[in-house]
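Pasting the structures here.
Both of the next two complexes hold subunit A, though its partner changes from subunit B to subunit C.
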Partner chain A sequence: MIAGFSTTSGRFDWTGFIFAILLAIVIAVPLLVVFTWAFTEVWRYPSVIPQKFGLRFWDQTLSRADVWEALSISLRLSATVTFLSALICLPAAYAFARMKFPGRDLFFLSFLASHAFPKFGLLVAIASIFLQLNLIATFWGVVLIQLVGTLMLMIWIPVAAFQAVDRRMEEAARDVGAGPLRVFWSITLPQAFPTIFAAVLLTFVSTFYETEGAWLIGAPQIRTMPVLMINFINNQVVIQYGAVLSVILWVPSFIALMFARRVIGTGAFAKGFGA
Partner chain B sequence: MGRGLKGLLLIAIPVFLVGWLIIYPIFAAILSTLFFDGPEGLRFSTASYQFFISDPYSRANLALTLWTTGMCAVLLLIVGLPIALYLRFSTNRFADLVQSLAIFPMFVPSIILSYALIRTIGPNGTVDILLNAVGLPKIKSPYLTPWGPVIGLVWDHLPLTVLMLTAGLGSISNSAIEAARDVGAGPLRVFWHIILPRMGNSILVTVSFTILGIFSAFTLPYVLGPASPEMMGPFMLRTFNALYDPLNAKTQAVISFAFCLFFGIFYVWSIARNQKGQSR
Partner chain C sequence: MARLTIDNLRKAFAGTVAVDDFSLDVADGELVCLLGPSGSGKSTVLRMIGGFEQPSSGAIRIDGQDVTRLSPERRPTGMVFQSHALWSHMNVFNNIAFGLKLRRLSRAEIRDKVEHALELVGLAGYGTRQTFQLSGGQQQRVALARSLVLEPKILLLDEPFASLDQHLRERLREEVRDIQQRLGITTLFVTHGQDEALAMADRIVVLRNGQCEQADAPDVVYRNPQTQFVAGFIGQMNFISASVEGGRFLHPDFMLPVNVPDGPAVLAVRPEALDLASAQADQGAIVLRSTDFGSHIMVDLQLRDGTRLKAMTAPDQRWQKRASVHLNVGQFALYRDNHLLTIGQPVGGSEQAPEVEPALSV
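Let's turn to the complex of A and B:
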């Protein structure tokens, strides 16, 4: 009854139509421009359409050593941070969702601290601690600073997932004699898994694109993909390098995130930011 | 082993990280910019803050940051509130489409957005090309002016603004609005007298979150903004990385904390209140 393009009173939904058109223009045009540049060999002002399309710059970009090095560092960093974050945060999320212990509410809220201060100021404060610990320009220094940024997402979203699991099913399993581990493995985890998986995916992708901490702590030795892209943009090397990298980097993460989209719609995601 | 102890052990490492890498650095930054080791023990000095206040360049950077943050917050409300209102009261296919489009920027990393905006609104970019094609004069490009970061930051923060405002609107009951409509109130009066008073809190939370995110934004101001004056994010990075001056970088950080203190406290307070409301 409400699946069409009309309001409930039956008129064509002009408000929605106008919102959709305006948003589509503002959001899609910049991205379309990047896609076009990635497959362009010559595009001189003021031609509306590039003079020559082609894949020449894909070969050039992919034959650069610094691109492969940055990609390798970025992937190793994101994998390490995501793995460590899941390892320490998921058990904690389970404890917050299911156990009673002193200071539980206060500790839970303490993860908000990472969002309650202007982020770059916080990074500078952390960096000056790392300066004394000789962690500047090291792999593990960047891992630590990116790990802190993932804590809230990796705890708040899984807590919501564990809390959403049907307690009656767990109790029923226990009544027929299943042990606590068995209950967790066969009842709790399968139900919470999709949301937790989405949180892990979001953590990986957001770590991959994290720029500020990686630059502040990692420079100049640790150069991640986003930092390399900033260099390409600043030094105006070849316009197409940035475009090709954008397409290569963004498309896989976009497909991955589409799988997580379901979770974002449910409000668990907004909860991760405290909405 | 008691269940309480087990719970505390499970949360120990993340809580330790929050203490070591968030709470401790903040206090360390405040203390180490005010107290210094002297020949006759600890000495109190506000010299680095006095330098910040007396330095015209630092003051210009702070002013630019305040202007950008305020401008973004206002623009985000002007753009986000109508979208959120529309999403709250519509259920047709356009509403799904509008929601998907408004959330989409969340999936676009700021670095790719920066690049895309340079090619779109930069000199001889797509907007210029299209204007030229229909015979209109070029725009004065916002790239490398204070408006560049504003456009980028609004684009980037739109999804969370819309999501948070829509969540706030969700708590307003249909019956209150229908009751007002039944006694003949028009859409504007319904908005002003019924909706706005009930969502004042969620507007404040959204604005606080936006301000905390934008005040020390880095990537977009660094790539799209002017080189001088610069926003606090790029300013801090340059002071720390290029000038090797951690003391002044920390001073700039503490000043940023001070300006955002109210919004940070309000943000945490309102979420703590919501959490309590949910667990009861």
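Let's turn to the complex of A and C:
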């Protein structure tokens, strides 16, 4: 899409323009509606804009202890899961990408297999195991279930990233005197970094928004933000509560995206997904 | 600075033998070119010396010390890769400084050395550039500086100029040769280009199927190729197949007295060793084409048995298309089963080119 704008040489790029408009409608309009609802006190049909704006529902939402509790749990969960996922998956990804060992392909497939079956069935199966292990409704129980969900992303993308690192670069580093560990730290990791960073970011965000596992294993003690939001929507017909929570939920995404832009720049970010 | 000894090196990959019983002795400060067709094992030899490939058998010694089992970071070798392999997440300065930092030099020392190395390759002031802001030739030079700054005992260059255009290649070739001479680094240089080898090398090693065909000074390799393969690989060469009977090389178009046992043989003559003389129609070879190169004229000929030849003549000699000519063979070599039988001037040849009698039978 970005290329669509920059490659125009004088002539207007209609394809790119239409594409951008469509994207804007699909993405921006719902966001705008939700955003508007969050700051609305009265909005009755058939008015196009709300009758009364205000922060009343923000006050009400933010004064609730369970919202803050949920936010804290969500952040801690996402951070823990992302950290553990990186700790497990990055070395594994490096091994898959660079080393030859018996059963390598089978092992690789098993990492991906968790996503090959209907997810909810798998979750229920895991839940019954967790019940016996007394992990239901505990922080670490939710961490475990969400961890399983992140494995594929955190393996698949970094494997591709490590494989894309030029072997000659690593050899050249060995040649000037770097040992294997130093080569990994100074050459391989920085080379693969933009892509791996994208994977970490995606993992964090997707964990933050994950609901199925969190609800099935965590309820009722461990309530994450999305789970709380579902409760709000189910129990009360006041749209504003949901809208305010949605806007709050966007915050990590926005922070993550800003951070991503600063750290890696759009070019490298795209490269992480493309090549 | 260092002497490199390679003994009976062999490398077998699954299925193929890449290097087979390769031995070489490189003297201190010598520049040796490895030359050979694609897949002949040049890179594999170099990579084994650099430590990136483990030999199946054989030994590599540097100054008498056996380094065969040492990992690359422990060897006093510096390699410049064909793809230059610069680290794209570092700028030029850091690319060159990386090895120095590993050696725990002081900042000031590192800066001095890097600047000196950049100067050496003609890139002073380029330190803060990112690698993608350099042209292909500049990238190659940074790669060279990265190796040179560590003052390796042995410099290994694997087709460092392969991706560059002819002009730049010639210039960099001169530069490398210059630096190599000034610093006196023992150097192994892999190349596809025979003119590169002829221009740079103290010695040329011709590889074929992982084996050494000949290792000699460029002029020796050019003038006295020890195998038919080398004769054909370096420079332009005409090959004429026929048989030797009773001390004479018998070809339908001419004969040559030679002093070798009877049997099939291949005569090898360089274009510049072929002299042409007018012949009556229907005799000798036929001129197919002549191309004027300014300094000389290249004449394409066809013998009556279909063999194509090239002859280099003085620019004042003009040969008409389809003209008939006699061949006067000067310096020649005779091979049988790829091995040299004899080399030299036709018997009795002295000042003037010997007359070659037309064959009796057609």
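What we mean here is this: the second predicted complex is superposed on the first by the 223 of 275 C-alpha atoms of A that agree within 3 Å, B and C clash if a C-alpha of one lies under 4 Å from a C-alpha of the other, contacts with A are read in each partner's own complex, and residues count from 1 in each chain.
Convention: a residue touches a chain if its C-beta (ideal position, glycine included) is under 8 Å from a C-beta of that chain, and two chains touch if they have at least 3 such contacts.
In this text the structure is predicted, and so the values were computed from the model without any measurement.
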Inset, instruction - Give one of first, second, both or neither to describe whether A:F107 is in contact with subunit B, with subunit C, with both, or with none. - result: first
Inset, instruction - Kindly classify A:L62 by the partners it touches after superposition: subunit B alone (first), subunit C alone (second), both, or neither? - result: neither
Inset, instruction - Identify the partner contact of A:P190: answer first if only subunit B is touched, second if only subunit C is, both if each is, neither if none is. - result: second
Legend entry - Superposed model, subunit A: greater residue contact from subunit B or subunit C: B
Legend entry - Which superposed partner A:P46 touches (first subunit B, second subunit C, both, neither): first
Inset, instruction - Look at A:A172 in the shared chain and tell me whether it touches subunit B only, subunit C only, both, or neither; answer first, second, both or neither. - result: second
Inset, instruction - Mind listing the subunit B positions that touch subunit A in their complex? - result: 3-8, 10-11, 13-15, 17-19, 21-26, 28-29, 32, 82-83, 86, 90-95, 97-98, 101-120, 124-126, 128-130, 132-133, 155, 160, 163-164, 167-168, 205, 209, 212-213, 215-219, 222-223, 232-233, 236-237, 240-241, 246, 249-250, 252-254, 256-257, 259-260, 264-265, 267-268, 271-272, 274-276, 279
Legend entry - subunit B contact footprint on subunit A (complex, rising order): 2-8, 13, 15-17, 19-20, 23-24, 26-27, 29-31, 33-34, 37, 45-48, 88-89, 91-92, 94-96, 99-105, 107-122, 124-129, 131, 144-145, 147-148, 151, 155, 209, 211-212, 215-216, 219, 226, 229-230, 233-234, 239, 242-243, 246, 249-250, 253-254, 257-258, 264, 267, 269-270, 273-275
Inset, instruction - Would you pull the subunit A residues touching subunit C in the complex into a rising list? - result: 166, 168-169, 171-179, 182, 186-187, 190-191, 193
Inset, instruction - Flag every residue of subunit C that touches subunit A in the complex, lowest number first. - result: 50-52, 71-73, 77-79, 81, 83, 85-89, 98-99, 102-103, 143, 146-147, 150
